[in-house]
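You will see chain A twice below: alongside chain B first, and alongside chain C after that.
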Partner chain A sequence: MKNKKEKQKNTFQKILEVIKTMASKPSGLIGLTILIFHVILAITSPLYVPYDYKAIDPSLMLNPPSSEFWFGTDSLGRDVFTRTILGGRTALTVTFFGSLIALLWGGSLGIFCGLVGGKIDDVVMRIIDAFLSIPWILAMLLIVSLLGTTTLVLIPALGFFYGKGIVRVARAATHDVIAKDFIVSARARGHSNISIIWNEILPNVRDAIMVEGAMRWSWMLLGFSSLSFLGFGVSPPTPDWGLMISNARGLMSFAYWAVLAPIVGLSSLIIGINLTADAFAKALGIDRSTKAPV
Partner chain B sequence: MFFLVIKRILLGLITLFIVSLITFVGVEVLPGDACTTYLERQAFGAALEACYERLGLNLPAYERYISWAIGVLQGDFGYSLSGEMKINEVLGPKVKNSMVLASASILIGIPVALLLGIITALWRDKLPDIIISTVTIFSMTIPEFISATLLILIVAIWLEWLPGIVIVPSEASISELLPNIILPVIAISMIMTAHMARMVRSSVIQVMASDYVQMAILKGVPYWKMVFKHVLPNALLPAINVVALTIAWLLGGVVVTEVVFNYPGLGRLVIESISNRDLPVVQALAIILASIYVSINLIADLMTLMLNPRLKSLQIKK
Partner chain C sequence: MKTSVQQINNLTIGFQSQKGQQISILKNINTTINKGETVGIVGESGSGKSTLALAMMGYVKHGLFTISGECMFHSNNLLEMNNKELENIRGRKIAMIPQNAGQSLTPNLKIGYQIDEALKLHTDLKKTDRDNKISELLNKVRLPSPETMAQRYPHELSGGQQQRVAVAMALAGSPELLLLDEPTTGLDVTTQAHVLELLNLIAKDTGTSMVYVSHDLGAIAQVSDRVIVMYSGEIVLDGPVRSILKNPIHPYTFGLLKSIPKLTLPGLPNSMSGSQPQPGSIKEGCSFYDRCEFADKNCKINSPELEYINDLNTHVRCFRHKELINQNELNSQTVKSIENKILKNEILDLSNVSISYAKQKFIEQLINKIEDKNPTVKDIDININKGETLALVGESGSGKSTILKSIAGLLKTKDGIIKFEKDKELSSDLRKRDPKFLRAIQLIFQNPDESLNPNHTVEEIVAQPLKLYFGLKGHELKEKIINVLDKVRLGEFYITRYPRQLSGGEKQRVAVARAFAAKPDIILCDEVTSALDVSVQAAVLNLLQELKEDFGTTYIFVSHDLAVVRAISDRVAVLYQGRLCEIGPSKNVYKFPSHPYTEVLLGAVLEPDPDIKPKLVAEDIVEEKPPENGCSFQGRCPRILGDICKNEVPPWQTTENGNSIRCHIKIDDLKNQQTLN
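On to the complex of A and B.
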């Protein structure tokens, strides 16, 4: 019992240390700050939004920014400030849970393939390669247009599509440790496969998989907002940045504020996640810069 | 060497075969088919039967897959649902337009990326590196539709330098297209360049830290001679593969960019055919885009093989 508590304390200290290393560089600090700001905003924003996000008022159409409407109003007379600070909620929830799913299935399949090897490994990797060569946008659009655009479809669909790259990383990392002496000796001690995966392999491949997952998160957000932008993501009147940009784009020459506010929101969140993921990779000592964004 | 090339090509073909299976099964499993989509509310009784008969949907699935696959191998993708045109005729001009867009972006993007990558690596952590690296991080993380929208807002609407939206028809000739593609090309190559420049940078930095470069410095080889003779050839080789993957990944981004600029290419066709549930066209697009991806990767693999003397001799020994 005491041992377990000590172990927990150690993990906690380790996490604190990683965060400290991440915040020690300016880019990591900026990334973390932006990310935390967005998360807090997403959790608390419904408590203090000034207007109803779906209240349509024709008499207030396309008002420029003023003290009453800080970011102006859109083509239906809705307050852009309200919609912008609410706009990250869906995106953050969907992509966060999507990344978790991607991590779980990608990580376990990758470790399994790396461990088993042989014919099964070959076949699975061929199928993964085939999936990788279908452009993500085509696959996502197909799924979403046929199964609907509810969050319950989007989360597993995104999780599945962004997890296939994690399979490769997890498999490669497993390959690296599988031939090491401590695995051989664990086998010789008579440990079961599950015990070897849990106690010997997982601690050694965890960092690589988690860094990959963090990176996937930012790409998934990009993919999700592109879907919304194309009209295949969340449905109106839900406030969502991609959707807001796509709606306000047509009247951009007249009402630039309605398009700039969601652009700033989405760009800052993506940059925040990206910088955080980069700092996370560096803090764990993994070099990601030579990898392609597959 | 020869066997390795054959093996790579075979693996690519197997991948394409699996892609065709996945898309076929996917379209098969999903609710509704070509006839129910085409006939909409009239999809029952004799009309439905006649439609199945006409499109050959009453045959078992594997027979349809085989006849479809044979058609594709002969370059015939069948008929599209909307307008009942031959898919080849629908695709032809769009493929050409997208090729123009993509090649222009690659032609501009790769040299710029090499230049930026080398500059940032040689002046690592100095002012040029800090400025360029910051800009590349911004341009590679911001989604395509945002950078494209901002380009239209700034260049076309506020400065009024260039047209913001492409209004030429699909059949326009290349000379008609060129003045229209400036903004889309900038939008696409911005992201591509940023990704590649980062890879080139880290590759050059890695080689600069290697023993033989240190040796060359100690021997007193002039700096620029060392850079061109020892560093660049070794640094750019591993970058080729990564660059190929990046180009392939950008296929998705090209779709979005084409929609933003209203460009009559494959990307807009993807969106249109999915909105109309034109499944034969979707299938054809999946195969075409996957073949592009597979062939870009194949070319990159082969180039690395040809350019790397060590890999060559390794294979001969075997």
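On to the complex of A and C.
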């Protein structure tokens, strides 16, 4: 029991250390700040929105930013500021859980394939390759139009499509450690496959998979917003950046504010996640920009 | 008057620590390389020998910088030159031969093209002249039929041949100074002896100065005129090879020489305690103080300077060297001879074991058989008694590790039976094996960096077998872990450490602890000491022997190092191309008459003594596949009889010493021929 507590304490310290290292570089600090800002905003924004996000008022159509409406109003007279600070909520929730699902299935299938190898690995990887060759947006549109656009459909669907890439990464990371003698040693001792995966492989591939998952998160966010933009993500009147951009894009030449605010929201979040993921990778020692020794 | 090629003055190279301190890797190096001289730089890992060799080329690794001093090549300071100027010197004036030629040759370019590239860069010769030069160079490094050799790709050559090509490339610019960084480490013993002989010839022919960096005193003894011994970034001894290796006047060299197992002096060598200090950890006093047998109070406070001793023409860094001058203790080196209690009952019996790496065809998979007339390992008959140490010896590709894997259940056998304790048959398929036999046989690997999970603490590593086999938990588990670690001389505070926080020797001790935690009957040791420094090697060998005496464990010890095998084993089996050549008590295998292959191996062993030269009997050809018929050694045998060797499998013969030899030559004839030479 004491052992377990010690271990938890250790992991906690480790996480703290990683975050510290991430924040020690400017890019990491910026990324973390943006990400945390967005997360806090998404959680707390309903408490202090100035207006009702679905209140339509034709008399206030396309007002420019003013002291009353900070980011102006859209073509239906709704407050853009209100809709912008609420607009990331669905996207963040859906993509966060989507990434978790992608991580889980992609990671475990990748490790499994890397471990067993041979025919099973061949077959599974060819199937994954086949899926990779299908344009995901078409497939998503098909799924969404068949099953509807509820979050319960979107999360697993996005999780499935973005997990394919993680399978490859997890499999490659497993291949790196599978030939090492500590795995052979565990095998010779007679450990089961599950025990080998859990105790020997997972601690060594976890970092690579988590970094990949963080990168996938930002891509998935972009993907989700594209779906909304096409009208297959969030259904109106729920505020969402992709949807807002789509609705206001025709009026861009004379009502730039209605497009600008959601664009800033979406791109800053993606940049934030990207920077964080990069800093995360560096803090874990997976640096993808190492130079040649000479 | 000797002319110097390179002169190093007060060179200090270091790095900046995270706390902003300057920490030196090389401290105050002063030395001169003379024309035509071969200088051996020897030291254990972390002693700074490679950093020094790179500095001699004007290269300082990324992260390190020159703190003070200079590295003069003739009258130019290499460390102050810019890249353009260095390019004119590197390759033309100073050339380097890297450790692993296989990795330093470009795999997709032909040998001839690669040498041509070096020639284009370093000489002004025309195309036809260059072609002639390529043949000349390949001839010089004694590669057969240079024209065809130039048309080959690196992977078509053996390790020794690749190293020869690397030498030829280095010679392309006819350099004045040749730097060799561990050029023979990783080569087979016979190949190593041949490469060293080649280097000696080249030094004689061309008059090139050479700097030979190695951890292997045996190799250094064969090529060097002068030896520099490094410890913790300092030169501790610098002088002629004979005086240094025969009468070392520095305690470190003394201890190092004593910890090398020798063929001429069988038994376990003494180990040197402790390990090299971390850079920057020594604040005052002699850096060797902690490990020195001769140290006194003065050594703790004051650090000795490099002193010149006229009689011996030697520089030494020690206060008490005078006391060591007259000590002839090296000649009366004490070794612990091993005496194992061997019980007469067989613990493991391999009969007719064959192992094939051939891929099973579909139908073969169905009937679970492999058709391979010429398997990698064939007809292995060995039985091992309880408490015995059996050594499997051979060069790379001899199948010794393959046999270990099959015993451990990691590789399926083709034919044959492996029996445990006389009557219990062991399946070579791990999944079909009874779990209690899994516990009985444990493995220790060559490289502890790979065999310990980098993300586990020492506690978690040692806990694995305890949890798996004995189901221990909580307090009981922890107590047992501490108990096991104590047996391998590691204190309780090690349990929270990760492998990266341990030294090479400590890591291997953890690996030993993990194997012993399972309370095994048999431990399979796969080259367990070849990745370790000599002083650590001696300590690990001693530890293994002590544990064996305590627990009565049986060892199967795989090694390519005949001296190590001689020190630790009771019985030796010599393998060539997966076939047994000779088996017998180790004290007899090393005596004649023996199998021609054993003779070749013994001849190639390098002793740390410049007066004992290796005997090169056979060519260093490497065979890829064992011959289909006849004797396995027919391709390289110096005593081949003729067709009988090619057509018939040789019979087992027993010598008067009690070892069995598989050869067509009559025992008496063998004895006469071998004692004649």
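Rule of thumb we're sticking to: the second predicted complex is superposed on the first by the 286 of 294 C-alpha atoms of A that agree within 3 Å, B and C clash if a C-alpha of one lies under 4 Å from a C-alpha of the other, contacts with A are read in each partner's own complex, and residues count from 1 in each chain.
We adopt the following convention: contacts are C-beta pairs under 8 Å (C-beta built on N, C-alpha and C of every residue); 3 or more make two chains touch, one makes a residue touch a chain.
In this text the structure is predicted, and so the values were computed from the model without any measurement.
For A:204, is the partner it touches chain B (first), chain C (second), both, or none of the two (neither)?
Once the two structures are laid over each other on A, A:204 reaches chain C alone.
State whether chain B or chain C is in contact with more residues of chain A in the superposed arrangement.
Ranking chain B and chain C by residues of chain A touched puts B first.
May I ask you to decide whether A:51 touches chain B, chain C, both, or neither, giving the answer as first, second, both or neither?
In the superposition, A:51 touches no partner, neither chain B nor chain C.
If we overlay the two complexes on their shared chain A, which of chain B and chain C does A:182 touch? Say first, second, both or neither.
In the superposition, A:182 touches chain C alone.
Examine A:97 and indicate which partner it touches, taking first as chain B and second as chain C; both and neither are also allowed.
Once the two structures are laid over each other on A, A:97 reaches no partner at all.
Going by the contact rule set out at the top, does A:191 touch chain B (first), chain C (second), both, or neither?
In the superposition, A:191 touches chain C alone.
Is A:105 in contact with chain B, with chain C, with both, or with neither (first, second, both, neither)?
Once the two structures are laid over each other on A, A:105 reaches no partner at all.
Which parts of chain A are in contact with chain B and also with chain C?
293
Can you list the chain A residues touching chain B in their complex?
Touch residues, chain A against chain B: 126-127, 129-138, 141-142, 145-146, 218, 222-223, 225-226, 229-230, 232, 242, 245-246, 249, 252-253, 256, 259-260, 263, 266-267, 270-271, 274-275, 287, 289-294.
Can you check the complex and tell me which residues of chain A touch chain C?
1, 3, 180-182, 184-191, 199-200, 203-204, 293
Can you list the chain C residues touching chain A in their complex?
The touching residues are 62, 408-410, 430, 433, 435, 438-439, 441-443, 445-447, 450-456, 460, 464-465, 468-469, 474, 478, 514, 518.
Applying the document's contact rule, which stretches of chain B touch chain A when the two form their complex?
Those in contact with chain A are residues 11, 14-16, 18-19, 22-23, 26, 30-31, 137-138, 141-146, 149-150, 152-153, 157, 195, 198-199, 201-203, 206, 238, 241-243, 245-246, 248-249, 251-252, 255-256, 259-260, 270-271, 274-275, 277, 282, 285-286, 289-290, 293-294, 297.
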